[in-house]
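Next up: the structures, one after another.
Next come two complexes, and both contain chain A; in the first it sits with chain B, in the second with chain C.
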Partner chain A sequence: MPTFKQIGFYVDQSNCTGCKACQIACKDKHDNPVGVSWRRVAEYTGGSNETDTADGSFRTNVFTYYTSMACNHCADPICVEVCPSTAMHKGENGIVSVDPDICIGCRYCEMACPYSAPQFDAAKGVMTKCDFCADFLAEGRDPACVASCPSRVLDYGEIDDLRAKYGTESGIEPLPDPSITRPNLVITPHRDAQGSGHGTGAVANPEEI
Partner chain B sequence: MLHELPLVVFTVFAQMSVGSFVVLGLIHIVGFRVPPKVMDRVSDPALFAIGPLLVLGLAASTLHLGTPLRAANALRHLQSSWLSREILVGILFAGLGAAFSFCQWRKWLTPRLRQGLAVTTAVTGLVLVFFISRVYSLRTVPAWDTWHTAIRFYSTTFLLGFLAVGVALVVTQGIRTRRGDDDPQASRLIVSSLRGIAVGSILVLGVKFVGMPSYLGGLATSGEGAAHQSLETVAGTYGGFSLTQTILVFAGVAVLGIFLAQLSRRAVSARALGVVAGSAFVLVLAGEVIGRMLFYASMVRVGM
Partner chain C sequence: MTREDHVIERGSSPAPDRRTFLRWSAITGGAAGVATVATGCGPTPLGLQAAAPDPDGVAPGREKIVWSACNVNCGSRCPLRLAVVDGTIVRVDPDNTGDNSIGSQQIRACVRGRSIRQRIYSAERLKKPMRRVGPRGGGQWEEISWDEAFTTIATTLRRLIKDHGNESIYINYGTGVLGATVATSWPPSSSAVARLMNCVGGFLNQYNDYSAANIETAVDFHYGGWTTSNSNDDTVNANLVLMFGNNPHETRMSGGGEVFVTQTAKKESGHRVIVFDPRYTDTAMNLADEWVPIRPGTDAALVAGFAHVMITEKLLDQGFLDTYCSGFDEEHMPAGVPAGLSYRSYVLGQGPDEVEKTPEWAAKISGVSAGDIRRLAREIATTERVSINQGWGPQRHANGENQSRAPMLLSNMIGAVGISGGGTGCREGWAGLPMAAFPVLENPIRPVLPVYRWTEAILRGKGMTYRDGIRDSKDVNGNANVTNDVTLDSNIKFIWLYGSNCLVNQHGDINETIKILSDETKCEMIVNIENQMTVSARYSDILLPDVTTAEQVDLSAQQSAGNLGYAIFTDRAIEPMYDSMPVYEQLTGIAEKLGVKQKFTEGRTQEDWVRWIVDESRKTVPGLPSFEQFRKQGIYKTRLEPVIALKDFRDDPKKNPLPTPSGKIEIFSSNLYRMSKDWPMEKGNVITPTPEYFAAREMPGDPLQQRYPLQCIGHHYKARTHSSYGNSPWLKEAHPQMVWVSTVDATDRNIRDGDQVRVFNDRGQLQLPAHVTKRIAPGVISVPQGAWYSPEKPGGLDHGGSVNVLTSLHPTPYAKANGQHSNLVQIERA
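On to the complex of A and B.
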C-alpha cells in the first residue's frame, strides 16, 4: 500500500472536455444521494460577440473552460479550523475527512470552504466529503475519479512530485486565491484561463456546484 | 430568506438577553441613590424574564443541527473553532445569569457579592456577543469578515436590550397597579428609566446609521466579486426588505423620541407608557429580525 506525506490532485484543464465522467464515477463509487456531489465540474464562461465598427465584421472572444473539483485536502484547511466538533480532521496521507460518529451536522464547514467540498447529507444528518477513495488507495488502486477520466486529465500523487512534474498553478477562476487555504492541487491552465480574482466570466452551471 | 431561521432566533435572542442584562445593570448603576428595595422591586421581574429568553435562543440553535442529540460535541474544538468558543461562553453566560437570578430571588449572599456576580455575568455576555461576531467573520465571506459584523451585533444587543427592559418594566408596573399595589417611588423610577432608555436607543440608532452606509460603501468598493454579489442581494434582490427593516427600526425609536418630547411637557399616563414601550419594542424587534435574515441572505463565499 503506497503512503504519502501529503496527497494531492492534478487537473489538466487544457484537455478537459467537461464530460463529467469523474463526477458520476465519484457518485457511483460512494453511493451519494441526489444533491451530494463530492466531485463537481464547474463550467466557467465569459466574453461576448462584438461588431467591428470600422468594417462591420463580427468578432468573438467568447470562452468556456472546465474545472473538475473535489476536495484539495488543503495544507491550511479552513473546514478543520472552524469545525466545532473535531469531526473534520486531517488524517493519514494528509487526507481531510469527516468522522461521521462525531459530526453534529452544524454545516459550518460548508459555509467556510471556498471549494464547496464538505456537503451535508440530510438523510445521515452529518457532513460528508471526498476521502480520496482511501479504501481504493489502501488496495493500491486509483481514486474512482482519476480512473474514470476518458481524457486522462486527472492525476494524483505526492503533492511535491506533482508540483515538480506539472508546476505550481492552482489559482484559476472560479477557484479562490490559493493563499486562503493552500490547496494541494496543481492545474495546467486552459488557454483562456483567468487568474483567481481577475475573472471576467461566471460559472454557467451554479446549480451543479 | 427563511432557511437560517433557527440561527436568526438564536443570535437575536442571545443578543437581546445580553443587552437586557447589561441595561438592567446600567439602571442599577445610574439609580444608585434609589433605595435598594425599590430598585429590586422594579428590576427583578425583568431579570427573571431574561432566562427563558436565552434558553429559547439556545434551544433554537440546536434545531439547525443535522444530529441535535450530539450537540455537546460542539464543545470539542475550543483550540481553533469560534463556534465552540461561542457555545461555551453562551452556556457560561446562561449559567452565571441563572446563578445571579437565583441569589437575587432568595436574597442569598451579601448585596456586594451579588453585585460582583452581576458584573461578571454582564462582562461574560458582552464577550459572548463578540464571540458570535467572530463566528461569522469567516475569511472566505467578505460581506461578513468586517468590523461591521461586531458593530451590527452590539447595536442589536443594546437596542433590543433597552426596549425589552422598557417593556418588562412597564408590564410589571401595569400588573401591580391592577392589583392595587401602587408605589409612587417605583413609578418615578420607571419613568426615569424609560427616559434613559429612549436616550440610549437614539444613541445606538445613530451608531447603526453611521455604520451601515460605510459598510455598504466598503462592499461596493471591495476588490472581491463575492462582496459585490452580497451588496446586490441586500440592495437589489431584497432591497424591499432592507428598506422595510430600516423604516421599522427608525419608527420604533421615533416613538421613543416623541415620548421624550411629551414627557418634557407633562406627566405621561400609565396607558401611554405601555403603548410607547410596547410599540417601540415590537417595531424594532421586527426590524432587527428582518435585518438578521438579510445578514444571512448576504452570505456569499469566495471561490466556487
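On to the complex of A and C.
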C-alpha cells in the first residue's frame, strides 16, 4: 500500500474541456446526491465579443478556461482550523477528512474554505468532502476522478514529486491566493489563464461550483 | 467505407434520493418511479427481489466486475466496467486496458457514460407493458400482459398489411441503442424489428439520418457516394487543421475517441487549428489556436470569399482542379451546359447573378471580416498539408446541402484530397473492425422515404415520388434517383419505435407533429420499445418495457476513435428489472403470434446469436478472441491504418474514377443541374449545381427578422447525447439546460444571466434560464438540443427547453431533410 508524506492533485488546465466526467465519476464512486459535489469544475470567461457596425462582422477576443477542483488537502487547512467539533482533521497521507460521527453540521468549514471543498449533505445532516478515494489508494488504485479524465489532465501523488514534475503554480483565477491555505495543488495554466487577484474575466457558472 | 460505417447520431423534477436508484432492490420499488411516470394504473407491484445465487459463483457481499458499454449515439463508443454486488450495480469503472498512445489508447467514458447508473436505475424506467387509454398523448395508461400486448400488435399488423400493404408499416429512426449488435436500434433496417418485419413481407424503410442527411445526399453528387475526410490520427501529418462547425469536445466526448485523438495529435505535431463556429465551443477554447465566429448557415458565402482571394491572387491548386475536378471553371464543364455556370464564374460575378463574391461581400453575410477572409485564404492556400473537416451542425440548415459542400470545395481548391495530412472537407473518418452484423433478411419494399418526411407520409404518403425525395431501395445513391419509377402506395399507418425519441422531441416542429399524431385515424398504431418514459413514449399507443444494455448479453461494435479498432463484449451484469424484456425476446413473442417464430429466431436465443456473430466476425477480424475468451476479457483492441479518404482516386484517377457521372469530383454536378430543371421546389428552396451560397428560409436578411430578429441554433450539449441521458439528475446538475444569449443581445433586452426567458416564434414557445455569455456570436442564440419537452398543456409553453418547439418541418431543397438549426426567433424576459 503506497503511502505519502503529503498527497496532492495536479490539473493540466490547458487541456481541460470542462466535461465534468471527473465530477460524475466522483459522485458515482461515493454515491453522492445532487447538491453534493466533491469535485467541481469552474468556467472562467472574459474578453469581449461584439459586432462591427460598419460591415456587421464580428470582433472578438473572448477567452475561456476551466478549472477542475476537489479538495486540495491544504498545508494550512482552514476548514480544520475553524471546525468547532474536531470532526475535520488532517490524517494519514496528509488527507483532510471529516468524521461524520463527530461532525455537528454547523457548516463553518463550508463558509471558511475558499475552494468550496467541504459539502453539506442535507440528508445526512453532516459535512462531507473528498477523501482522495482513500480506499482506492489503499488498493493501489488511482482516485476515481483521476482515472476518469477523458483528456488525462488530472494526476496525483506526493506533492513534492508533482512540483518537481509540473512546477509550483496554483494561483490561477478564479482560485484564491494560495498563501491563504497553501493548497497541495499544481496547475499547468491554460494559455489564457490569469493569476489569482489579477483576473479580468468572471466565473461563468457560479451555480455549478 | 459504406454509408453505415459512419456514425449518426440528437420542469426539472427534484432529484430522487440516491437510494431510489442506487439500491433499488432494497426498496419496495415502484413508488418513486410511478409517481413520475404518471401512469393511470397506480403503483406497479414490484416488491423485493431476493438476491439470486450469482451465476459466476461470487460470494454474497463481494464485488464482481462486468464489462458493458454506453450504446448511445454520440459517435464514440465507450466500454464501462460495472461493479456489481448482490445483483446491484454499485459503481462504474473505466476501461483499464491500453495506454495513452493513439491507436492503443485507454477508452475513458465521458461524463454521460459515467452516469449510466442513473439511466439503469432511473425512476422513469418502464416497468410493465402498457396500453394507452384516452386520447393519444393524454398520459393515461393501463397495464396489460405481455401476451395481450403481443396479440394486439400482431392482429393490428396483420390487418394494416392486408388493407394497406407493407409500405404502410414504418420503423422510425432511433439511435438510443445504436451501439448494440443484436439489440441495435440503428439503422432501423438493421434492427431486430426489421428482421421481424422482413419475415412478414417487409416495411417502409428510410434513407439518411437526422444527424447528417444533407451532407449524406450532397456528397453523392460531389464525390459520387459516401466518404469521410481522413481520420484524426492522420492530422499528425498536417500543418493546419480547419474545423467547420466540428466540435468533438462536446459531441464525440470519449476519452478514447476524438477528444483523445485530437488533443494527442495536436500535442505530437504542433499543428495549428482553426475552428469556424457561431459558438466559442469547448473545442475552440481547448484545441483551437483561432476561433472564427460565423453566422449560422453562411459557410458557403465564407468559402466563396476564400475562393475570390484564391482566384484573384492565383493561389489555387490549378493542377488538381484540372485533373481531378469537373465544373470549377468554364474550361472544365460537362457538355450541353450554357456558359457562365461554373463555380469560378459564380465567384467572379460572371454568372447569372452578376455579383462578384468579394471578401467584402462575404463579410457582410458571414460575419467574418474581409481582412480575416483575405488573411485566412492566403494561409489556407499557401500552407502545405491542410486538413479540412466539418461537423454536421453546419449542414442541418435550410441550405444544408450547399453548406456541406462548401468545405469540400475548399479542400478541392487547395488540392488536399486523398493525401496524408490533407482531407476531403467532409467529417473526420475512422478506422474500424469489420465485425459481423445481426442478419435481418431481405426487405422487398422498393420505395424508401427521406428520414425527415414521415410526418408528411402520414398525411399524404400515397403517391409520393422521386420529386418528393422517394428513392428506390435497389440503389439509394442520389445519382441513381435523379428520376426513378417508384411511387409510395400508402400513407404510414403503423409506426414502430425502438430506442427512438424521434416521434416527439427529436423530430422538428413538435406542435405540428403532435397535431398530426393526434388524428388516430391516420397513423393507427404506434408501438414503442423503450426502457424510459421518454417524450415519444408519452405519445405512443403501446409501451413495451425494454431492458438496458446492462441487462442483456450483446456486443458493441466500435465507433470513431482515430485508428483504434476495437469491440466490446457487453455481458449481462444484472437481471432484467421489473417486468422488462430484451427486444429480441419481445419480437420473438410477436413473431410467434404472426406464425413466423422459427423464421425469426432460427432456433437461436440472443446469446446464441452473439456466439454466431463472434464466430462470423472471426472470419474477417482474425485476432478476435473466441466467444468464451472474449466474454472473459471484455474488450478487444488493435491498431489499424489511418484513413486517407479517396487515396485510390488521388493516386490513379483513371483507374479509380469516382462514381459520379464524370468520374471526377463534380464541383458542378450535372445531375443536380438536371434536378434543378425537373424537381418542383418548395417555397424558398433552390437547387444549385455548384455549392453557392443562397439565403434559404430564416437566414439573415429574411423579412421575418422584423418580428424574429435572432437566429436560433440548438447545439449538442454535454449533458446529453441528443435526448439520451436527458433525465439524469446528476447530468442536469452538472450541465443545466439554458439558452445561450450573447452579452450584446442580452443587454439590448435587459436580460441578466440566470433570468427566466421566453424564446418564441410562430411555431412555438419555450421558457428556460438564460446563460448570458460572450461565447456566442451576437445575433445568434442557442437552445441546446435534446432536452425533454415538458409543456404546461399540449401546444403550450414548453418548460423543458426542447428546441424542437421552434424548428420547422420544411424540407431542404434536394435532400428533403432537416434544417433544424434554421430558426428565426425572439427572446424576452419571462
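Here is the rule we go by: the second predicted complex is superposed on the first by the 199 of 209 C-alpha atoms of A that agree within 3 Å, B and C clash if a C-alpha of one lies under 4 Å from a C-alpha of the other, contacts with A are read in each partner's own complex, and residues count from 1 in each chain.
The definition used in the following text is that a contact is a pair of C-beta atoms (placed from the backbone, for glycine too) under 8 Å apart; a residue touches a chain by one contact, two chains touch by 3 or more.
Note that the structure is predicted; figures quoted are calculated from it, not measured.
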In the overlaid three-chain picture, which partner chain does A:T188 touch, first (chain B) or second (chain C), both, or neither? neither
Just checking: does A:Y65 make contact with chain B only, chain C only, both, or neither of them? Give me first, second, both or neither. second
Should A:E81 be classified as contacting the first partner (chain B), the second (chain C), both, or neither? first
Would you check which partner chain A:N93 touches, where first means chain B only, second means chain C only, and both and neither mean what they say? neither
Should A:E207 be classified as contacting the first partner (chain B), the second (chain C), both, or neither? second
Could you tell me if A:Y115 is touching chain B, chain C, both of them or neither one (first, second, both, neither)? first
Based on the superposed arrangement, let me know which partner A:D31 touches: chain B (first), chain C (second), both, or neither? second
A:Q6 contacts which: chain B (first), chain C (second), both, neither? neither
Please output the residues of chain A touching chain B within their complex, sorted ascending. 42, 67, 69, 78, 80-87, 102-108, 111-116, 120, 122, 124-127, 174-177, 180, 197, 199, 203, 209
Footprint of chain A on chain B - complex, ascending: 64-68, 70-71, 73-77, 80-84, 87, 135, 138-141, 223-225, 299, 301-304
In the complex of these two chains, what residues of chain A are touching chain C? 15-21, 23-25, 27-29, 31-35, 37, 45-52, 55-60, 62-65, 123, 147-152, 204, 207-208
Chain A-touching residues of chain C, taken from the complex the two chains share: 15, 17-18, 22, 91-94, 100, 108-111, 114-115, 117, 249-250, 253-256, 259-260, 263, 280, 282-283, 285-286, 291, 293-294, 360, 363-364, 366-370, 372, 718, 729-736, 742-744, 754, 771, 773-779
